[in-house]
Every structure is written in C-alpha cells, then in structure tokens.
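One structure is given below, represented as structure tokens, and several questions about it will come after.
Labels run A, B, C, D, E and F following the written order; every chain starts at residue 1.
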Amino acid sequence: MSRPDNRAPDALRPVKFQRGWTKHPEGSVLVEFGDTRVLCTASVDTGVPRWRRGSGSGWVTAEYSMLPRATNTRGDREAVKGKIGGRTHEISRLIGRALRSCLDLKALGENTITIDCDVLQADGGTRTAAITGSYVALQDAVTWLTDKKMARKPDKILTRSVAAVSVGVVGGTPVLDLNYVEDSSADVDMNVVCTGDGDFVEVQGTGEEAVFDRSTLDALLDLATKGCKELTGAQVRALLT
Amino acid sequence: MSRPDNRAPDALRPVKFQRGWTKHPEGSVLVEFGDTRVLCTASVDTGVPRWRRGSGSGWVTAEYSMLPRATNTRGDREAVKGKIGGRTHEISRLIGRALRSCLDLKALGENTITIDCDVLQADGGTRTAAITGSYVALQDAVTWLTDKKMARKPDKILTRSVAAVSVGVVGGTPVLDLNYVEDSSADVDMNVVCTGDGDFVEVQGTGEEAVFDRSTLDALLDLATKGCKELTGAQVRALLT
Amino acid sequence: MSRPDNRAPDALRPVKFQRGWTKHPEGSVLVEFGDTRVLCTASVDTGVPRWRRGSGSGWVTAEYSMLPRATNTRGDREAVKGKIGGRTHEISRLIGRALRSCLDLKALGENTITIDCDVLQADGGTRTAAITGSYVALQDAVTWLTDKKMARKPDKILTRSVAAVSVGVVGGTPVLDLNYVEDSSADVDMNVVCTGDGDFVEVQGTGEEAVFDRSTLDALLDLATKGCKELTGAQVRALLT
Amino acid sequence: MSRPDNRAPDALRPVKFQRGWTKHPEGSVLVEFGDTRVLCTASVDTGVPRWRRGSGSGWVTAEYSMLPRATNTRGDREAVKGKIGGRTHEISRLIGRALRSCLDLKALGENTITIDCDVLQADGGTRTAAITGSYVALQDAVTWLTDKKMARKPDKILTRSVAAVSVGVVGGTPVLDLNYVEDSSADVDMNVVCTGDGDFVEVQGTGEEAVFDRSTLDALLDLATKGCKELTGAQVRALLT
Amino acid sequence: MSRPDNRAPDALRPVKFQRGWTKHPEGSVLVEFGDTRVLCTASVDTGVPRWRRGSGSGWVTAEYSMLPRATNTRGDREAVKGKIGGRTHEISRLIGRALRSCLDLKALGENTITIDCDVLQADGGTRTAAITGSYVALQDAVTWLTDKKMARKPDKILTRSVAAVSVGVVGGTPVLDLNYVEDSSADVDMNVVCTGDGDFVEVQGTGEEAVFDRSTLDALLDLATKGCKELTGAQVRALLT
Amino acid sequence: MSRPDNRAPDALRPVKFQRGWTKHPEGSVLVEFGDTRVLCTASVDTGVPRWRRGSGSGWVTAEYSMLPRATNTRGDREAVKGKIGGRTHEISRLIGRALRSCLDLKALGENTITIDCDVLQADGGTRTAAITGSYVALQDAVTWLTDKKMARKPDKILTRSVAAVSVGVVGGTPVLDLNYVEDSSADVDMNVVCTGDGDFVEVQGTGEEAVFDRSTLDALLDLATKGCKELTGAQVRALLT
C-alpha cells in the first residue's frame, strides 16, 4: 500500500509551529500538520466562571471552530444557523479536557485561560493539530501570567505536556496521521492524546465502517504513541526558539 | 477495596430488559443496569432524510435525553433552555454510531429507524445501558419491519449485535460497570462498545483526573470485553422470551 | 352509543398511582388513566426565583413534556427543535396554576417546588392525569419538606386537594375521561379541575368542531364534577398506603 | 360595590370599531374596548400550509402580540428575546380556534387567512377585544376574496359570527368586561367566546386566587352571554356602515 | 418627470405628529409622513444597563419593528422566526445613535430612555419618520423626567434636536422624501439625519443599482438639508401645541 | 497633530494582498491594512437561493465575522451566543451590496458566489479591508468560473472594481485609514466604497460623538476618494502577479 503523499505508514506529515502569529492573544500559535492549518490562541482573564468562584482554583476551557471554507465544500456558519453542531461541541470538549490535564488548576489561582482553535484550512486531523498547537499556546500564556505575577504558584502550573495524533486502518494497514483522503476511506479511526511522558490522556477509537479486534487496537496504540512522542519533540523545539 | 454495593471488581450490576414496555413504538425496551433505568424505543418510518433519498439505503439515528429529575439534583430541561448541551449531543452521536454498526443499511432499504433513549432514573452508566437496551429494541423493530414486508432483504438487515459497558479505575483498582458514586470518584473512565463476537466498535477512555499507562488500559479493556460478553448473553435471553 | 372500551358514559378508566416510582425526587408518582401513563415528580429547592426573593413566600411551577414516542406517531423533540410549542406551554401553565391553588405559598416559605410531568405513554387525557398525579407527588414533597423542618408553617402549606378530568361530546353523547380515539372524534372537549370539596379551579371548554349550548355545558360540568370526586377518592387511598 | 369607571356590573365599556384603519390588509379593524386598543388585520394568501395541500380546504391562523409599551411598564420584545412566551402562544391559539369556528374551510378553498392582533394599548380584555375585532376584519377579508372570485363557494364561507368578553368576580361581585385594575384584583377570571346565536365556542375560567362554585359559574356565564350579545350587535352595526 | 403624488422634487409629504397618542408611555407620538405611520414611544426607567452602572451617566437605546401587515405583502414576525433580521438591527442602531446625539448623557444621570418605533403602516421612509417622531417623544419624556426631578441637570439634558429624511435619484432626478413606489425604483438611496442647526449627524448613501458621482451626492445633500430644516420646523410647532 | 504611526493625515497604512492563501476556495485572499488582517474567500456554487430560481440571474452574498481573539479583549463567539449581533449583520450586508455592485448578475447566470470575510487580527478598518480584499478574491473566483465555462457571458460578469477605506476626524483633523487607536477617539467616522473609476458605491458617515458640517464632510470625501484610488492601484498590481 502507498499513501497519497508517499509517506511511510508510521510517518507524520511535516509539522510546523509559528508562535506569536497574531499580536493580541497571550499565546498565539499557527500550527500546521501538512495542509491542515489551525490558529490556536490562549486568552488569559482574571476571575473564573460563577460556579467556580471562591474555590481558589482556575479554569481552562476550549472552543473549536472551522472557517466556512476551510474545507473543500463550503459549510454553513454555526453562528448563522444559531446553534453549534454536535461535532463542534464534542471536539471543543475533547480539547478542553486534554489541556486541563496539563495543569494544576490550584496553582493557576482564580484565573481563566480560554483556548480558541480556529481551523483556517482543513486536511484531516484538525482536532489533533488543535490540541498539539494549543499546548504551545498554553505554555506561552502561562509564561505571560507568570511574568505578570498573576498566578499563585507560577512554577507549578504546568505539570505535563500533551500532544495528539490520529491513527486509523486504511486499506487494511494501520497508518499514522491521516490526511483527509485517508480519513474518508478509513475503516477504523482513532484519536489519541498522550503526555510528554508517553501516558494516555484520551483514547477515542471508532469503527463505524468496520469493527476491530484487540490486535488491531494494539497496533494503532503503538503507532499513536510513537507519533505523539515525535510531536512532543517538535513542541519542545518550537518552545526553545 | 470494597465497592459501594459489595460487588466484585469484575461484576456487573443486575441487568433487566422489559420488552414492549410502551405500546406505540415498533420496539420498546425498559433496560435496567442496577438503579439506572432507560426507556429505549425504536420507531420505524418509511423514507429517509433528504440527503439520502434515492440511495436505496436506510438510516438509523439516535437521540438521548434525561428527564429533569432522573438525577439527584434537578437539571434544567434542554427544551426550555432552547438548545442541546454538548454532553447530550455527544452521547446521541455515540449511540447512533453503535447501532448503525449492527445493520446493513442497504438491506434495510429506504426506511429510517429512530432510537430514543430517555433516562428515567440515572445511577451511572446511562449511555452504556442505552446502547445495550437499544439493541434489543432495534431487533424488535427489525422483526416488525420484516413482518410488514417493508425491507429489501429482511433477513440480512442485522449483521451483528452490540452491547456496551463502562469501566474505570476507582481507588487504584480497575472495576466494571461503575455506579454514580464510583463514577464520581474515578480517575480514569472508559466506555466500550463490543459486538456479540467480542470485537470493538468503539473505545472511549478519558483520564481528566489522572493519566493512564498501557497496562492499565489493557486491564480495562479486558474487563470491558468480559462485561460486554455477559451483556450479550442477557440480550439473547431477553429476546428469546 | 357504545364506547371503544365498553365503559358507561360516566365511567372513568382504571386509575392507578405508584408512589416513589423513581428514587431521587422528593415526590415521584407514576399515574395511569387507562393506557395514559405520566411520571409526575415534585422537586424541592430552597430559595425562590429572583422576582420573588425577600417576599417570604414560596413558589410552585410546572413543566409538561411528552417523550417523542409516547404517541402513535413519533413527534419531534422540542429540545431538538430548540423551542417549546404552544400546546406544551399552555399545558405547563395550566398544571402550575392548578397546583398553586392547593397551597398557601406564605406557609411554604421561600422554597420552590418544581413539578415535572413527563408523558411516557399517551392515550388521551394526559394533562388531567398529570394534574391528578402531581397532586399526590406534591403532597409527598410537602411531607418531605415538613420532615426536614424547612417550611415556615408546615401544617398549613396544603389547603386543599385538586384532581382533573376531561369530558366531551362524542357522537352526540356527553362522556367522561375520553381516550385518544374518543378525543379525536369529539365535537366538544372540556378539561375541568376541581378541588376535593367539589369547587372549580379551572374550566376549559372548546368547541372547534361544533358549538355547544348551555344545557350541554351543564351536562358536561355534572359529569366532570362526578369524575373529579372519584379521582379525589383514589388520591386519598393512594396517599394512605 | 362601585367599579373604577362607575359602570354597572353588567355593563360593557364603550366599544368602537374603525374598519379600513390601515390601507394594505384585506381586512383592517382598530377595535377599542374602553382604553384597550387592538389593531386586527386579516391577510389573504392563495395556498395553504404544506400539511394541508391538496385537501381542497383553506386555513385560518392567528398571531397575537403586544407592543412593548402597550402596558404601564415596558415589556421586553419577544423578537429580541428570541422566543414567544407561553401567554402569547396561548392567546394566539385561542384566537385562531375562535375564528376558525366561523368558517366552512371547504368553502374557502385552498386559501389562507392570517389574523394579526397587535395590542397598541392595553387596559384589560385584550384577547376578547382581539377576537371581537378580528371577526369584523375577517368578514371584510372574505368580502374581498369573494369580489376577487378566489373562493370555491363564496356565499358559504362564513357560517356564523363570534364575539368574546371577559367576566370575573371582583370584590365578591360578578362583573362584565373587566379593565386592568379590576382584572388585577379579580378572584375568578373567565373569558367566553359566543356565536351570534348565543352558543358557546370557548369557555375558559380560572380561579388561581380563589376557587368557585357552580352558582358563581352560572352567574358568570349569564353575564358573558349578555355581553357577547351586545358585542354582536355592535359588530353588525359596524359592518353596515 | 412627475412624482406619483405630483409633488415637486424637493417637496416633503404631509407631515403630522400626534403627541400622547397612547396613554402609558412617558412620550408617545404617532408620526405620519404621508401614508407612512409610525408609533414612537419613549419609556423612562431608573437605572442603566449593567455595563454602565456607576458611571453617573444615562443611556438611550432604540428598537424598531414593523407590524407584519404594515406592508403590502405580509411579512413574517421576527418573534415567530426567533431572530431579528439584519435590516431591523441596522435601523434600530441608526435610531439609537441619532437620538443619543441629542443628549448630554451625564446630565441625564443614571436613567435609561428606551425608544420604541413600531411601524403601523409603511409607505417608504419608515426609518426617517421614526427618527423624526422619536425626537418629539424623547422631548416629552425628558419633560416628564424633569417634572419628576429624576435627572441630575434637567435643563441640560437636551443639547440639540434631530430630524431625518430620505433622498434619492429616481428616473435620473434627485428627489426628497421618497414614498414606497419611488424607493423601489430609485438608483441611489440616501438617508440623512441633521440637527436643528443644519449639521449632519448621519449620512448613509447607497447605490446598489447604480453608482453616483460627487455632483449627484452634492445635490442629494442639498435636498436633504432643506428637508430636515422643514421637519425641524414641524417638530417645533408640534411641541408648542 | 501626529498620528500614532507617524503617517501623514492622507496616507494609507501598508497594504498587502496574498492570493491563494488557502487551497480550497475558488478565490482566497489574505488582505492586510497595517496590522488588520482579513481572510477573504469567494466560494462558487451552481444554483441560486430559492427566491431567485428560474430568473436566469446569479447571486452574490457575504458573511463577515471576527475570530474571538482578533481583538485586544476576547469577544464571545456568535455561534456560542446563538445569534449574530447587529454590527456583524450590518457589515455583512454592506460587503454584499458593495460586491454586487461590481457584477452583472445576468451575465453570471444561475450561480452563487459566497464571500466570507474572517478577521484574523483587528486593528481598525476591518470592514473596508474586507471589501477591498474580497474584490480580489471575487475576480479570482470569476476567472475560475470562466475557465470552467459555467457562466453565461463570462467576459461580461465583472463590470467594475470596488475598493473601500475609512476616514474620520481625529483631534480636529481629517485623516485617512484610521487604525484602532484613532478610531476609538474619532469624533466623526466615515466608511466610503468607491469604484475604480472614482464613483461612489456607498457613503456611511456617523457623528455619534460630534456632529459635522458640510465642509468637514467635503474634506472627508476628498480623502476617501484619494485613498480608494490608491487601493485600486494596489488591487490591479496584486491581480497582475
């Protein structure tokens, strides 16, 4: 089997992070996984939502969205339809959980960090690119917070890093980091979020077109672990520059 | 470690299916996993949604909802709020995917089956009870369709069965079929949908409170596979009576 | 004229109340009028809506809803449509008014009781069954409140009981407690709410298909008064067990 | 007991109909019951709603609304809130039913008449003024339809007239056509719709503040019948000029 | 070129103001520009929106709406559609800005004046009639406020008057105060808001059907200035009676 | 007076167009006016909205939106609020009108072009940058349509070009192309859309903080005409490369 872009089954697409891509947010990263391009911003606000006031702890939340023509065919704007679709809700919740797993919310103090992931161009793997890019934006925002002396225990806020990647079975072969063409024809599709230490934060595998057995699941988890490790390396390099 | 109801870590709660619980639907099952009680109905309509017309294939969709006082504290009605929350969307989509994996939509012909899962009483595991009960309601609806000679290839519609169960790590121990108290204190929470043959349809594991390593994941998958096998047996018995 | 189920024109369908049908609510009653089955729950909250704070008085409100497949043909969920229909609003308001007429809101103190009436199976008379069942749930909730010593004057909260029934003219004959088939072909349709003492709380008669004269109205009011009296008896018996 | 405007208990307020008050609608009537002022328009469209197509029958529907400052305190616009309140829904449905009772929808043919009742100034009895004024607008619209030769059986469309009035118990006395001050302090409140022949179309009596016995109900029905008869006379005179 | 109603190109339609047209609002003016009829009310409330509290300054806001059958063809109610259209939003914002330009919000103190402009009959120029009529209602409301001694510096609240008129190019000729027929066939359409002193508050010119050069723009501005001056005179006369 | 970035009063900020910035749309331009950065895409669809079918003419529509953190302070997403604000509506309508003025919709045939303007970074003048960039994207989309031989008269579709710029009075001086700091303190604010030939398409001037006389208006129009002429030159150069 050959992949549309001739990658090896276990190869990521070229990954690129541009920090400070827009000037207003406390963290702003344009992340690219091949042709998938997501603008991830982290916005800091003092205070927390009403239900959390007085707890001494902070909060991190995320919103994911696609520009109408990020995709091959124009999609309707959710603002125009007046409601957010199930897929958008689901991905926003996933990103929020993944990012919260990086932080000690107590150490953050009563501050809120809002992650916005806006897909400018989509070619498969938008949610995993969003998580991976958002972690970099989050770290920039935490640095900003620390510089401003807003946090309770600035050096204890970030407890681990996260990265995410998609894996799937295409034409019978497990492959890493599917692009849109592969994603459309995959029998099994899985998104995996790992910490920089190689532990799992989230595993979401779906076989709508086909069911999958334990050995296939194991092969996919191996691929995803390898991919996340490489993405962690790329995050570290981006944060050093 | 002892569980709140003294079950063994790998034991299900008592499971009960009442078929024909309401008189109007083509399939109507009240399923109970301990104190969790979900009314699963399957409604048959001729025709399919607009985007599928002329395809010769059918469609299966699902909607999940909780009565306001199914839970310990009354929740606001989504109809009153005027929008469906992210959690509801996510679970409805999960149930729909799981049930569609049981069917050959071509054999169904241009008919639609709508699954409604209304949680009458919640005590943890409502989404897995909903999937497990809905499969039974779905089979009753397919029988009804077949009796009415509405389908294209009635004996080929159902291709496999599905059942679902939750697993999680509570107090350091992997346990099967968490009730509400356990779910609230779990470090890792996973929902697994299996076919009657033991393959995976969906695996969703989350570690918001704690990350998890590969061996923990393996232990949870083993438990879930065992639980789904027992639930499959209970479905078979319910359908025989 | 014979009725579909061979009842006498002035006969109720079999009535059944199951108290404590679900475990979480302060009052929870599954009421059945023949095949009509409504789950009525009463939820107690400390505090009152904003516009009532500081008044020293409590509040009672009600929400009515039908499960999508409670009826012969599946109806769309109002939560999915994003708005509540006129019929639902109207019935919710009727139930709220009827239940508030039973109480001294001053004696209740600044507590709120929310009545939820979810129709699990519909066969005519869902709003009258909802009112009749909710009164029983309300009384259980008041007992709970009293046991918790939350109310100002616990023994003065309930000032009267209410029950409700439908009457109508079918095929020229006034009949009591119409089922769905009768309701669909009725020329005149009336819902009457009475107190246990036989006074009227609410009278709503409509003749969309036919107008009605004073003597017909008198005959319908006689039937309704008789029906409510019998329902009051059934409520008393249910509350004794 | 004396009434705020010194009327006899069984006296209507001054009633006034201005036909053709706006120039665009097929029927346009500004109706006044004392200081209550409602603009009732009847708009004719060829065709019927989707669910009625091919039936050969027409349709009549109504929408009721209040200008924000029709009342003493400004109310929020429902368009701004993004949803229609329960009271508005309920009154719109009542007006629609009342007006449909005047017509043979078969004779109307597949045409739709939409009644709009916009309250310009409110002083009690807005729904009964709306019904009474709308009947006059409806008759003008039917005349227009007949002149245009659009209907199937133009001379058979209108089968009866309707008028409506409120009655209530204020300070222990049954009174006719309550203004806002009386309405606010009424123990029992009833709206009655009668045909020109004195039959009932709709009877809606509510005793939220107090329950009422059969003799009170009888007294209120007598008053309402008298009031509707006088309003019918006023309609006839307005239509002659 | 002759105009549909034989006016000179620089002539206004007959203008009429009826103050106190409804009894509840602090200012209530029915304004007519020919057959265009708008009810403008000004409602006074103590307090300001949340974002302005503690500023010591007041606020003025406006809402514009059309009755469904104000126009030749019935339009859907925005309350029924559940959202406000772009045109309504745009006009409401224009009216608000224009009216705020008349006032010293500091002198008003923390009070809010809400302007409601409800078009009862439309024949072109509804937004300009609304602004011109609302100024008269606003002045009545300010007088009311002053009489109640609610404002901080009552005699300094109103700093100037405003009036508005439409101009356009119809059949090649610049004309003043277009009615609906002219508006529908205009190549260029402009709305101008002027102060009583002849300065501009707002200039909005659009050439969707045709572009326009500087000399045409100049001619239109001359016409509009003349029209606003005459309208200012009419406002002054109305306020004297 | 000196400007924040030391520009002359009649100088534009640096302007930059990047064509083909995203790969999916038929036209895709990232336009920059200084730090204001807007992604303008033009999407082609066969067919037209329902109300235009059978007319033989095409349609052009526009939607404007801001990413939540395009601005200094994060704004709420309109999709999350469930409704589009007045400002967004107003700007979308302005862009649509401006772009439609460039085209012969008959020559386009029954095709629709949807313009999406998503503000990635805001620093004043977002609507004028959006119009100016969208014209370039529109021309690319028309070229695409022509290459596909989809249009009726491909060489007659574009009849003129448009560009837009803001002007205002800041500190008493009329200035061109205001950035955010200047815009916030402007007494008068005007947006002007011109054709490549120097005619006006749209003139929108507002003086909420101060009114303005005719000579100020003339000075602003002169500045805007000059600015649009320079922007037209930049568009021509961008389209040549």
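Keep this in mind: a residue touches a chain if its C-beta (ideal position, glycine included) is under 8 Å from a C-beta of that chain, and two chains touch if they have at least 3 such contacts.
Bear in mind the structure is a predicted one, so any value in this text is a computation, not a measurement.
J.: Give the chains in contact with both chain C and chain E, ordered by label.
T.: Chains that touch both chain C and chain E, as defined above, are D.
J.: Determine how many degrees of rotation, between 0 and 180 and to the nearest 5, align the Cα atoms of chain B with the equivalent atoms in chain D.
T.: Result for this pair is 120 degrees.
J.: Do the two copies chain D and chain E share over half of their interface residue numbers, or under half; same or different?
T.: Both copies, chain D as well as chain E, present the same residues to each other, with over half of the numbers appearing on both sides.
J.: Which chain's C-alpha centroid is most distant from that of chain D?
T.: A
J.: Would you kindly tell me how far, in whole Å, the mean C-alpha position of chain F lies from that of chain E?
T.: 28
J.: Compute the distance, rounded to whole Å, between the mean C-alpha positions of chain B and chain C.
T.: Their C-alpha centroids are separated by 33 Å.
J.: Would you pick out the residues of chain F that each touch at least 2 other chains?
T.: 82-84
J.: Graph shape for the chains shown, where an edge means the two chains touch. Line, ring, star, complete, or other?
T.: ring
J.: Taking the contact definition as given, in what order do you meet the chains if you travel the ring from chain D through chain E?
T.: D, E, F, A, B, C
J.: Where on chain B does chain A make contact in their complex?
T.: 83-87, 89-90, 92-93, 97, 100-101, 160, 190, 195, 197-208, 211-214, 217, 221, 225
J.: Tell me, which parts of chain F touch chain A in their complex?
T.: Its residues touching chain A are 22-25, 28, 35, 37, 39, 41, 43, 45, 63, 65, 67-72, 74, 77-80, 82-84, 88, 114, 116, 118, 120-121.
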